[in-house]
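In what comes next, subunit A is part of two complexes: it sits with subunit B in the first one and with subunit C in the second one.
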Partner chain A sequence: MILVMKKAILGVIALVILIVGQAFSEETAEQKMPLSAVRIIEKSQQAFYYQGDDMKTNVTMELIAKSGGQRTRVMSMLRRNATEGGNQKYFIYFHKPGDVRRMTFMVWKYPGKEDDRWIFVPAVDLIKRIAADDKRSSFVGSDFTYEDISGRDVAADTHSLLRSEKLAGRDFYVIESIPQEPSEYTKRLSWIDKKTLLPLKEEYYDVQNELFRVFTADKIENIKVGEGLDENVFPTVTRRTMKNLKTGHRTEVVYSSVSYNLGLKDKDFSERHMRRPPRSWIR
Partner chain B sequence: MLERMTKFSLDRPKTVIGIVLIVTVLFGLQFPRISIDTDPENMLKPDQPDRVFYNRVKKDFGIHDLIVVGIVDKEGIFRPESLERVARVTSQILKIKGVIIEDVVSLTTTDNIKSSGGFLDIHPVMREISLSSKAVDQIRVDIAENPFLHEKIASVDGTAVALYIPIQKKDMSYRIAKLIRAILQRELLPEQTYHLAGLPVAEDTFGHEMFIQMAVVAPLAFMVILILVFLLFRKLAFLLPVGMDAMFAVIWAMGLLIGTGNTVHIMSSMIPVFLMPIAVMDDVHVLSEFFDRYRVLGDKRRALLEGMQPLYRPMLFTSLTSAAGFASLALADIPPVRVFGLFVAFGIMAAWLFSMTMVPAIISLMSEEKLKKILSEEEGRSSILDRVLKPIGRFAFSRARTVLIFALVLVAVGITGVMQIRINDNPVKWFQKGHPIRVADSVMNRLFGGTYMAYLVAEGKEPGSIKRPEVVDYIGRIQTSLEKSQLVGKTSSVADIVKRINLVLHDNDKAFDKVPDSSEAVGQFLFLFQSSGDPNDLDNFVDREARRANIWIQMKGGDNRQMSAVESDLENFIKTNPLPDGITLHWSGPTYINKVWQDLMVFGMLKAILGSFLVVFFLMMIGFRSLTLGLLSMVPLSVSILLSYGLIGWVGKDYDMPIAVCSSLSLGLGIDFAIHFIQRFQVHYAKSGNIDETNRYMFGEPGRAIARNAIVISLGFLPLVASSLTPYVTVGLFFALLMAFSTISTLFILPAALRIVGPRILNGGKS
Partner chain C sequence: MRLAKEYSWLLILLVLIQFPCLVWAQNGNDEKNIEMHGFLMGIYSLRTTGQKPGGKEGRDFLLAEERLRLDIFGWTESIEASARVKGDFLFDHVSEEFDVDLREAYLDYTTANFDFRLGRQIVTWGVGDLLFINDAFPKDWISFFAGRPLEYLKIGVDGFRTRYSSEAVNAEFLVIPRFKPDNLPTSDRFFLFDPFADVPSRFEQEPESSFENTELALRLYRRIKNFDVSAHAYRGFWRTPSMLPDNFAAPTKVTAFYPDLSVYGLSAQGSAWDGILSFETGYYHSRQDEGGNDPIIPNSQVRFLVGYQRQVWEDFTIGLQYYGEIMEDYSAYRSSLLTGFPAQEEYRDIVSLRLEQLMQHQTLLLSLFTFYSPVDKDYLFRPKIAYKILDNMSCALGANVFGGRNNTTFLGQFDKNDNIYLWVRFDF
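And then the complex of A and B:
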């Protein structure tokens, strides 16, 4: 796999798309021909969820109640993209809260079907496979869903480009996405930064047609990847918030020590590593 | 002073009527600002400890008020076509604004965690809308096997499912319930029926029916009063002043109540109906006297001034005592009761003012010919009242001792009855039997785990206390113990979650259907639970720091006595099973809160009734300038109160909110007859000096006036019986009874007593 011109394939039932990772070439592409809404979402997902071959980060989640009460989750998260089909493997190791230390999650993500999930419960020394089709359910009790963490199947929604908008000196695509199948939201509006293609804001409307969740990307850092000629920069959202307007609950997430292209192996995402993760993974 | 007021009204009748009208319009203008309040929680002051605690529980555990929908299918709910309808209904209900989507508990929205084929299987109980009959059987098995769902989302007998629909605010429940009904009517199969239960529905429906009651029952009472006045006096001319007085008193009282920013609660909605019969009492006296004099004098002004002369004092005192009786409700610690008492008191004094001013002014404007005509029509009619009253007077007087001994016996009977009084209430029972809400209540509580919620909160000293295995286990044992009672349908807690996760993690090995023995395991199980479904599910049972846990107790009945019984079950359990270190338990929840305010109400009312007894007694002593007469005037009313409440005890009717309220009213009103009787007796005896002759006089015109007033006031409350809300019915019946007792005891006991003590305490023949 070549790093500068990186190939990633978003397997979305019939879609296999080649994406050019360089900002420069994207801009020229857009100047030539306006992008369709689906393409924008695909590229945005690529930039947001599929950057690099793999990735490792420490994640701090603050779950903040309306009353101000706060819960903290600290975890190490690793992700590896499969070579095709948009499949990914995730590994999550919990550091905090204290009584769940050493618990691990493993997710093998398939955009078009039910994910494979495992959980390791150290107190009873058991690894259990989980069968759950609800990707919209909460991720570890936060306001983020599993899909918000790992991305939603592009083909699950019908996308349309509403307009272009300039906000705070940046240019945005405003895309409306309507789920094909009944979902917990009926409409999503995304503000996608034309330059980085990252979604900087998302609004979710519920079945009562009321705005109930708002996502914001609060901080973007350019993470350096590779050396010399291979050097590249991945704009990465390192601070994000999901707010539930109906409950007043919100979750703030900070990514720290983000690194890409560590050379993770597919077989590393195994039950063995769930019990005993390599020290370098959980540092 | 009072006479000068009346004189002024006669000199400037139009000015007086004009002023009254303007003020009335001003009060009337407040009406559009009306706001209705049906929340029983408001029976407690905002800073009442149980209420404060309940609010914290609601906030910390993310608890909302629930509408419970039951769908019953007589051919069995576990059929593909039947469940399909349920699923369709559920998805439409989610679209109603105000429904808290993520917290709805139902077949399609609630996850079941089970172990299947080595997997930890987390899916909604019902995943697809169209199902095979095999899938339907699986759903039935899944529900039966999960203690969290069993008896909660489906009935044990397989005929019904329930949807639990949390709503953002209680006052939305009427609107939401209406929309839910429309969906159900549209979507359900012919063999499917539905029921709506839950306290918010009961409360909000009550509020709406209250409006209707006010619009129907109050005017009905008004009509009845006017008809009664007409039947008793046969004078159409009476109706105008009497009607205006009653109506204006209501407008003044309600206008002030609304204008001062008070909400109209169940109590204050009864103000019009209470006020109208009381308001007309003075007018009845004024008009009786006026016509008596007018017949002789033929001069309106003189007839009014002379007729009112002997009435100023008794009218002032009867109004003051009635007002004091109601105002004494301000001693109760229950805000809506205070508001009710104070504003009825205000209305009574307003009505008294009208009787002094507006009523004479109206009469003075009537044409002489009309009045003369009324007089001529009246000639020659003998009164039925006379035929009843005269023998009573003779009997009570000649058999004074027998009457008094009989009264003593009745008092004893009354006291024994009072001792048997059972204090109990339940807001659902505020609806008549057969009301959809009552039906839903009984059906739902028969089929499911119970719709009356109480919460038992376990609290530890430091964060994480709840995760201690012995604490979780103790919570589980509390549940087992409480569930032994017939009153408790179902309980749920963190212990159920922990046990469930332990079981399914170990592939349904029954040996693991228990609390694990380390707090790490408890913590990790809870984390797993939280990570696998809706995080709010856990929040309902454990607070963020795991310092407190909430045990949900679904009761089959919401009576206060039932709540108390469950509380004492818990006390017994604690006696034999000491609490884990540092853990305390507190009750909360709507069913418990209702019990709290009703306890407060009983003692508040007791305080109020004692207070008003003293106030009225004090007023009587001043009024009659005699301790003995003061005491004597209290006798008939004490007897009638004891008798009425004794009857409640004997009959076994629950002493509930409306009955409690009646007690203090009865004091203020029951005394009226005694005041008039003793005052008239005193005055006449002073002139004649002959006790026998005075008694005969008393059972003439004064007796008739008392009896007429008694009829107006007893029957005037009866329209309340037509109400669909039981508190109104209770008040109507009970009050009619109380007034009847009060009249009878006045007419029997006072002559008997005055025959014996009269000559000693009254000055006879001195003027």
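And then the complex of A and C:
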């Protein structure tokens, strides 16, 4: 009991330090952009990419061409948040298609700099680093980019709150984000649900200011975490679509068997587990 | 080879016996714990030079084969044990024979910090892209030069592997009781340089399986700053044979044998300059030719490579490597060189370039890989187009184009073996 209280107190102290620290570090940024928009995006990223201490899900990705041609990727994904700086570790195991079965992929994500990425090629029992410094490049050929999967650095864009809006009975913040440096898009509009802070829709505009890519969160499930007094609920987007309006190609993603706070450790995201993932990870 | 095949069946049998045990060890859960996958593949490689070597398998086709891959995997839930058998049943139209290619067959067992693997297993070490220094494990250069998919370049070793994982250091230790040579092109199917071409009587002497001939390989590895660093040590044999004639002046019989070799080296790979930087070096200690005076056995060498790879634009990757090989005791080599044999340079190098462009949602790959040796003045170009027709169906069309100033150098000797290949694969 004492231990729990100690932990709780420490947690509160850490939180206070974090909030105060962030408030100070953002002072210069605040002069450029309204605080509320940055905060909303931060909180939204927290809800969308950083929920819980860690997470595991099975992912089915359908890549659907304009002509109707369809390809399916099935994988298990695990993610763990580091204690500081927004760093995260990701682990992905491929179940399908057959020619990549048993392949694993690990990312150590650092928001401010290049990620570390490794791939395990089971056919020759080899782990190698892969060069993919562009976070805007496509993830496994889908319409989602690496950034869409693991989050974009908040400081990479200038955010402003355009308006609040009510759609289908829900209240939204509508935020405009303009990249600081040239990017694949010139403007992004995000509809962020005021209640869950999840982005339920995003629009990406190109150099001609034409809409070319649309993200929609199609299904949200409340995932129960913990038991008794610790019980909590994490709203989670379990079905999402990214559509490219220029090519007509779209990717639909379904998360299944989502679970949070499994107690994953930092050292679990290792070469060892890339070669031989625990059964419980890839079920 | 015949012996190897018998041995293969023994391994299959051994691992197959384990499956029922594994399944039985499971306490009747609802989940299945055995699965089978595989593919059907046809591989055809046509020599484009229009010439046929004189050997008994000297056809227009370097390869013409259909393969059925079966990959069976079983595991237990209670103890972290599993077993895998992965092999190809194939019909080779060039030799007109059925064959079994047992790729891997092993048992795995895991405890707190240790992973054990017993049986036939593929091991790949080092950070080179198709250039190997600390990877002294057997390779199938026929597959590579004739256009089989890349996984066939590696041949499994039969042995016992222990892996230790901890935060301070990771280690991998291999004990290989049975020697396997590289699978090198022969004059049966390939045009190549053979200094003893006129000698009909050939023998091969592989190291016998014995305690003192057991190959040992150790790798220690961990992350240092932003780099994955490994230290390697290997004790065993050269996998390319040395040729011993019964008589140097007028040989009537040539015996191929595999001299003793140890390799010690380092490798590192990490992020740098918006890409991936690789570095590897190794000392090849030719233990049966300490002074470098033996004209039959290769001298000791220092090998190194530096590689850099980066994504230039979306789905386009470029990779560059420079590899060097310095012969020890070069003057001893020169003075003991047999008359009529081509002399190697003291320093040999290779530059490699890889260009890869993925297209159409990463289902179409255009790739070019080239080797060029500025010292030997020889080269290999490997262009390839690979396409995933469906999720479970893919194909590739590619070529191997060899050439060089001399037909005695490593790549130059294959000049007349230029080929285009096609493979089609159906996964299940």
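What we mean here is this: the second predicted complex is superposed on the first by the 248 of 283 C-alpha atoms of A that agree within 3 Å, B and C clash if a C-alpha of one lies under 4 Å from a C-alpha of the other, contacts with A are read in each partner's own complex, and residues count from 1 in each chain.
Simple rule for what comes next: a residue touches a chain if its C-beta (ideal position, glycine included) is under 8 Å from a C-beta of that chain, and two chains touch if they have at least 3 such contacts.
If you're wondering where the values come from, they're calculated on a predicted model, not measured in any experiment.
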| item | value |
| --- | --- |
| Which of subunit B and subunit C A:V207 touches, first, second, both or neither | first |
| Partner chain(s) touched by A:E271 [first = subunit B, second = subunit C, both, neither] | second |
| Partner chain in contact with A:T72 - subunit B first, subunit C second, else both or neither | second |
| Which of subunit B and subunit C A:A82 touches, first, second, both or neither | neither |
| Touched partner set for A:V140, first subunit B, second subunit C, both or neither | both |
| Contacts of A:P97 with subunit B and subunit C, given as first, second, both or neither | both |
| Contacts of A:I119 with subunit B and subunit C, given as first, second, both or neither | first |
| Which superposed partner A:P182 touches (first subunit B, second subunit C, both, neither) | first |
| Which of subunit B and subunit C A:V254 touches, first, second, both or neither | neither |
| Set of subunit A residues, in rising order, touched by both subunit B and subunit C | 65, 71, 97, 99, 123-124, 126, 128-134, 137-138, 140-142 |
| Subunit B-facing residues of subunit A, complex | 65, 67, 69-71, 94, 97, 99-100, 103, 105, 119, 121-124, 126, 128-134, 137-142, 182, 184, 206-208, 210, 212, 246-247 |
| Residues of subunit C defined as touching subunit A within the complex | 31, 37, 39, 75, 77, 80, 108, 110, 115, 121-124, 127, 150-151, 153-154, 163, 165, 167, 170, 221, 226, 228, 269-271, 274-276, 309-311, 313-315, 317, 358, 361-363, 388, 390-392, 394, 425, 427-428 |
| Residues of subunit B touching subunit A in the complex | 59, 62, 91, 94-97, 99-102, 111, 116, 118-124, 127, 464, 467, 502, 505-506, 516, 518-525, 527-528, 530-536, 538, 544-545 |
| In the complex with subunit C, residue positions of subunit A that touch it | 63, 65, 71-72, 96-99, 101, 114, 116, 123-126, 128-134, 136-138, 140-142, 249, 267, 270-272, 275-276, 278-279, 283 |
